[in-house]
Amino acid sequence: MHSYRKELLFNIPTRRAFLNITPQIEECLRDSGIREGLCLVNAMHITASVFINDDESGLHHDYEAWLEKLAPHEPVSSYQHNRTGEDNADAHMKRQLMGREVVVAITDGKLDFGPWEQVFYGEFDGGRRKRVLVKIIGE
Amino acid sequence: MHSYRKELLFNIPTRRAFLNITPQIEECLRDSGIREGLCLVNAMHITASVFINDDESGLHHDYEAWLEKLAPHEPVSSYQHNRTGEDNADAHMKRQLMGREVVVAITDGKLDFGPWEQVFYGEFDGGRRKRVLVKIIGE
Amino acid sequence: MHSYRKELLFNIPTRRAFLNITPQIEECLRDSGIREGLCLVNAMHITASVFINDDESGLHHDYEAWLEKLAPHEPVSSYQHNRTGEDNADAHMKRQLMGREVVVAITDGKLDFGPWEQVFYGEFDGGRRKRVLVKIIGE
């Protein structure tokens, strides 16, 4: 069994954004040389997500509006977590809705994806340096 | 390390449905011959889910009503994604709530489950040919 | 490839609670002797979650209030599942929002975590004996 590890670095200037990181994951997979196995991609920070969905800007707009409806940023004072001096409690909720991680099958040296699957980094509390972990195990 | 891959095919006639796919996953596991490892089961489409919960029809009715409340199908025009000609934006939200994938431990040649755990395919935009990927690695 | 399996046991006296189980997972990892691989931690019960977030009591209070808003316990009779004699339909919803499982990278014999990542057991229907499965594969 072989293993590969890499951190991807992000510093998103806006509070919230969705970033297609599929090319970076594919590059990691090529570097790893692994042909059969599993690839874990996870946010290393707890106000960010890694998820798989469609690379369509209208959908991303809809996700943004929907997440804000289910876990609104305002009023900031409605969250006890924000008494710690943060204003990002909503980001901890949004991250749970979109998820921390994805596990992707590696088959014949490729990400084993359906026709529209793309990997996204979801930032819900930007303006900070953040990391995503890519860990691949296999042969 | 051994690996096994299979695609399960679905074409659900209704827009939404929950289907217990545990028997198919168990058959994959038998075919693989793997006794110890991990089994990834993921929707290959972005308006469908794979999740683990209870095989109880009342609960499935409740999930359907709850998902429709948190991410309503109507009004279709309220979603920017639907300007692409689709009417399935809500399905992309419902899929995030229920999840893309599950990872199941394989122990002694069996799905290592608690007493009520069953694997479901969740369809949120049916009437199309869809696939689920089963990937097992181990020994 | 080596594999390791352990069940963690819980019997939470209250209906709902969040419990930091990171120390138990670290102990499992030490016992396993595995230095590189993947660690799956999943609830074996379908009204409980395993998730990764921040160990901050204000945030946990916010999660509790937020989950109750998105999937209220009352009225119990509003859920068909509760006609089976249970009163825990809401717990099945809350568990989907927070997730069944996490997969954690193992690097150099350690849980490969960002600065604030901690593993939690989320109980949504306590007063029963419940289990969490820890499965580690690697070398």
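Going by the order they are written in, the chains are A, B and C; count residues from 1 in each one.
Keep in mind that, in the parts below, a contact is a pair of C-beta atoms (placed from the backbone, for glycine too) under 8 Å apart; a residue touches a chain by one contact, two chains touch by 3 or more.
Note that the structure is predicted; figures quoted are calculated from it, not measured.
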Intersection of the contact lists for chain A and chain B: C
Interface numbering overlap (same over half, different under half) for chain B and chain C: different
Whole-Å gap between the CA centroids of chain B and chain C: 20
Residues of chain B whose C-beta touches two or more other chains: 1, 38, 70, 97, 99, 103, 137
Complex interface listing, chain B residues touching chain A: 1, 3, 5, 38, 40, 42-46, 70-71, 79-84, 89, 92-93, 95-97, 99-101, 103, 131, 133, 135, 137
Chain C-facing residues of chain B, complex: 1, 36-38, 51-54, 56-59, 61-63, 66, 70, 97-99, 102-105, 107, 112-117, 137-139
